[in-house]
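Note that the chains take the letters A, B, C and D in the order they are written out, and that residue 1 is the start of every chain.
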Amino acid sequence: MSEIDLQVKLGNLTLKNPVLLASGTVGYGNEISQFTDLSKIGAIITKSVSLKPRKGNPPQRIVETASGMLNAIGLANVGLEVFVKEKIPFLKEIQSTIICNIAASSIEEYVECTKVLDHEDEIKGFEINVSCPNVKEGGLEFGNNLTAVGKITEKVRAVTNKPIIIKLSPNVARISEFAKVAKDEGADAVSAINTLVGTAFDIWTGKPKIYNVTGGLSGPAIKPVALAKVLEISRNVDIPIIGVGGIMNWKDAVEFMIAGATAIQIGTVNFINPQAGIEIIEGLKNYCKQKEITSLAEIIASYKLPS
Amino acid sequence: MSEIDLQVKLGNLTLKNPVLLASGTVGYGNEISQFTDLSKIGAIITKSVSLKPRKGNPPQRIVETASGMLNAIGLANVGLEVFVKEKIPFLKEIQSTIICNIAASSIEEYVECTKVLDHEDEIKGFEINVSCPNVKEGGLEFGNNLTAVGKITEKVRAVTNKPIIIKLSPNVARISEFAKVAKDEGADAVSAINTLVGTAFDIWTGKPKIYNVTGGLSGPAIKPVALAKVLEISRNVDIPIIGVGGIMNWKDAVEFMIAGATAIQIGTVNFINPQAGIEIIEGLKNYCKQKEITSLAEIIASYKLPS
Amino acid sequence: MINEKIIVQSLEKLQPNIYLMKAKAPVIASQVKPSQFCNIKVSDNDFPLLRRPFSVCDVQGDSIFFMFDVHGEGTRILSEKMIGDEIEVLGPLGNGFNYNKKFNKALIIAGGLGVAPFPFLTKVLIDKVEIVSLIGGRNKNYVVKYGLKNVSVATDDGSEGYKGTVLDLLEANKESLIDDGTIIFSCGPTPMLKALQKFAEQNNVECQLSTECAMACGFGICQGCPVHSSTEDKYLLVCKDGPVFDSKEIVL
Amino acid sequence: MINEKIIVQSLEKLQPNIYLMKAKAPVIASQVKPSQFCNIKVSDNDFPLLRRPFSVCDVQGDSIFFMFDVHGEGTRILSEKMIGDEIEVLGPLGNGFNYNKKFNKALIIAGGLGVAPFPFLTKVLIDKVEIVSLIGGRNKNYVVKYGLKNVSVATDDGSEGYKGTVLDLLEANKESLIDDGTIIFSCGPTPMLKALQKFAEQNNVECQLSTECAMACGFGICQGCPVHSSTEDKYLLVCKDGPVFDSKEIVL
């Protein structure tokens, strides 16, 4: 049997395989490269970068929950300038496809970041994290606001020809409406999902277990929710979807692709098994062999619903 | 030390303790009464009752997920008539407080059910399940629609003086807006949360693991989300909250009360440990002793947030 | 019915992947009937979340037996139990086989781990009626004859006994196997039960099916285990109304 | 740094609730330095989800040791490992104590399980400098002297040694304990480290703190483990920049 074709396309970006490392879960690649060969990964999505550096939240930033974890890192990052000067050179070396995730507190900041990074050859595309508070609107999340997501997509689209991926918030009633607006305004793909809002309390002190009070829930606990969001988008909007949320192994990855994902991202699992990405790629190949298909693309959105 | 006071109030309804059995997870009480003494429980909330009997969905209706389960029972129930004739007599015997959960596909159906059941002395209050598809509006969920939740509360309020609890859907961006509208239209309390929408696929057949395609996610996996929703309501709306979602033991129950819940419900855990309710009541008493407080009410919404 | 803390007394490997557990369970042992089941909390933490349903395979005095194959996480944990370990078990659940009637031959048809309830049924019926057992498995490693009488084997790959399904074996020998006083008692995968349902109808023989399906509670409160009634437009519950049904009663 | 499959060689109970595990880990054993740590996958399924961080307590040839108390689910699972069990371990992680400098006395201050890194440090320093160890515990069941030298004990309830905290003990004896060439190496609960930070400043003695905090990855990719820098308005990472910090370097 011939080699299995794992290639997938997101807009005009071709990835050698559909396994991406999720934003915020591999930093800028350097630490995890000690444990795994990043050149084999479909793409790396950088930790959210903002115009200015951000310190992030005070401790405690994370807490484990049943089959999941809450995090409130607070978008800690080195800022655009240091990112370009210090992080991109390393990213260049590792020969993986780099997608830059951008976080911002105003539409102008999204645009500004994209403009600057558009010049960087190593950055092959942008993932726009809209799960950030909109400072101008008093801290309400962009991600919950259809108009804001549309505006951000439109304005960012205007300043780059590289692929744009809008990373959607799951904390909304109908995520497909957000995917639709992203598509209409020119996005090449959407990522679904970012973390769910959650919290935890210490029952002896009455204090929240994380300083920020609420955090983002990730890990296997959220997989059923993420899958349902991917399916909802897939059934309603014609746009490539990158599935993310609770993927631990190749079986989970296949499940997301069946539900409609063109590619997938892994986040929390990197903390537990830094080689998970490569194991998933191998698992996908074996799955194709067992199913006797030569291209992984055949399984995308191959769900069979009862009639 | 004197006896610990576990009493809590929901509107004009006083419960001997804050531990309620959640709708759909104890049927009408008869089966679980073989394993536990229902007279000790704060209240039992019946399986959702609708005007006409409902067969429910074909199998498969449930599937286990990481620290959770998906269910799509399809609101299978005996219908109002049989409920009144056959189920209420048993509920009368068990000497627990009975709250009747009502599900409906139209506002009129909610009103009609409430009217009929208002005459039943055994029914001490109503929990209105708004996570049902609104058939008149083409199947969109009432629970996602502020106007609909307001209307339902208003109309149901008009036909009963018994306490009304609106059971809120978590599948919305800002649950506190729904709690607010419920309060404004005269609800005595809200329950938070119902299940999260989720799905799962069989990777060999491509079929969804449950016939209904999507189901409701419950169990420990959703606890952080449920807690965050309770906290959001508690910080924004002055209405008693019944916390529900992933409670397995007394510690979880305390966590919900700290986050703002006046009472709590247990669902999935009943399937695993039919005595969980009684164990939680005992655990709450011991907790009060250890904290040296005489009334559990002291811990409600006692969260201490960083300033 | 009770939530009993049973104590593991032995755990034997019957086949590379098939185990037989004996456990002290005085209350369940004194109440259980063949093809009733228990819902087992395999771990003492919240993982896996749900209990796992298993037929009571046999009863000896104060002890009950479970037979299981390692499938996923739950059965793996069970297979690693040690003598003396305590396990929380809800049971006995459901309705067992109905043999309190006049008949003279019990024809047992089991597929795979569907043999589990039959050692107990065999023990109960052994002095009363003739027993003939047809069991099927993927290959000889999936064939377990523990506690059965008069066994004929069918394997998909022919590595033991007849080559083919247990239904093929039944069909091939139906003349000698079935007479007026025969009741078929069956347990196995749903496709097998479906085929057997058809067979029973065509051959006009009473047939009781012990069915399986996903379960959360095991005792009637979750409504997670429906099976369609063939007589009314409604669902029956496998855990409460079953797991044993007359083959005419349900649509599989 | 490696994700090594280590093999349990022994598991000893040092106190009612405190265990010492020895495991074969050739790669980590050859690289690790005192107060570096490992992030341990305690189970071979997804429960509990995250790894658990533990200091390397000692090294003997190919083997490393971990000392731990049973706390929650993760340490309970560890305490039930059997000889021959494989465990996946990321390590060695972080930066250990800095002792490549001129000093003549190592004053070890440990609270509770904070003793864990010191058998290894003691082994490394034993022929080079004087070692004095002050260890504190809730009561005598929480006192472990394994692998330490010159030990004085403080217990909250006075059930062994000095009655009071280890800081009280230090304060009471500071004249004799501290001189110009002393470095304090410390590990324990954050309130203790905070008190020690103050003590070190007031007494002008070099002090290295091995800190603890919640961790997801343990190697710098999650940013879950911040500790505030005292020199700049930024966070350092306990797992990558620590766990050992100079007491002047951080705000606890």
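Basically, a residue touches a chain if its C-beta (ideal position, glycine included) is under 8 Å from a C-beta of that chain, and two chains touch if they have at least 3 such contacts.
Note that the coordinates shown come from a computational prediction; the quantities given were computed from them, not determined experimentally.
Chemist: Across all chain pairs, which one has the most C-beta contacts?
Modeler: Result of the pairwise contact count: A-B comes out on top.
Chemist: What is the chain whose Cα centre is as far as it gets from that of subunit C?
Modeler: Measuring from the centre of subunit C, the most distant chain centre belongs to D.
Chemist: Please report how many Å separate the Cα centroid of subunit A from that of subunit B, as a whole number.
Modeler: Roughly 34 Å separates the two chain centres.
Chemist: So the centre of each chain is just the mean of its C-alpha atoms; given that, what is the distance between subunit B and subunit C in Å?
Modeler: 36
Chemist: Give, as an integer number of Å, the spacing between the C-alpha centres of subunit D and subunit C.
Modeler: The mean C-alpha positions of subunit C and subunit D differ by 54 Å.
Chemist: If you look at subunit D, which of its residues touch at least two other chains?
Modeler: Within subunit D, the residues that touch at least two other chains are 46-47.
Chemist: For subunit A, what residues touch not just one other chain but two or more?
Modeler: Only 66-68, 219-220 qualify.
Chemist: List the residues on subunit B that touch subunit A in their complex, please.
Modeler: That would be residues 65-68, 70, 144, 171-174, 196-201, 203, 205-208, 211, 213-215, 217, 219-225, 227-228, 231, 246, 251, 254-255, 258-259, 287, 299, 302-306 of subunit B.
Chemist: Enumerate the contact residues on subunit D facing subunit A in the complex.
Modeler: These residues of subunit D touch subunit A: 1-3, 41, 46-51, 90, 213-228, 233-235, 240.
Chemist: For subunit A, which residues are in contact with subunit D within the complex?
Modeler: 24-27, 31-32, 34-35, 47, 55-64, 67-69, 71, 73, 76, 219-220, 248, 268, 270-275
Chemist: Could you pull out which subunit C residues touch subunit D in their complex?
Modeler: Those residues of subunit C that touch subunit D are 45, 47, 73.
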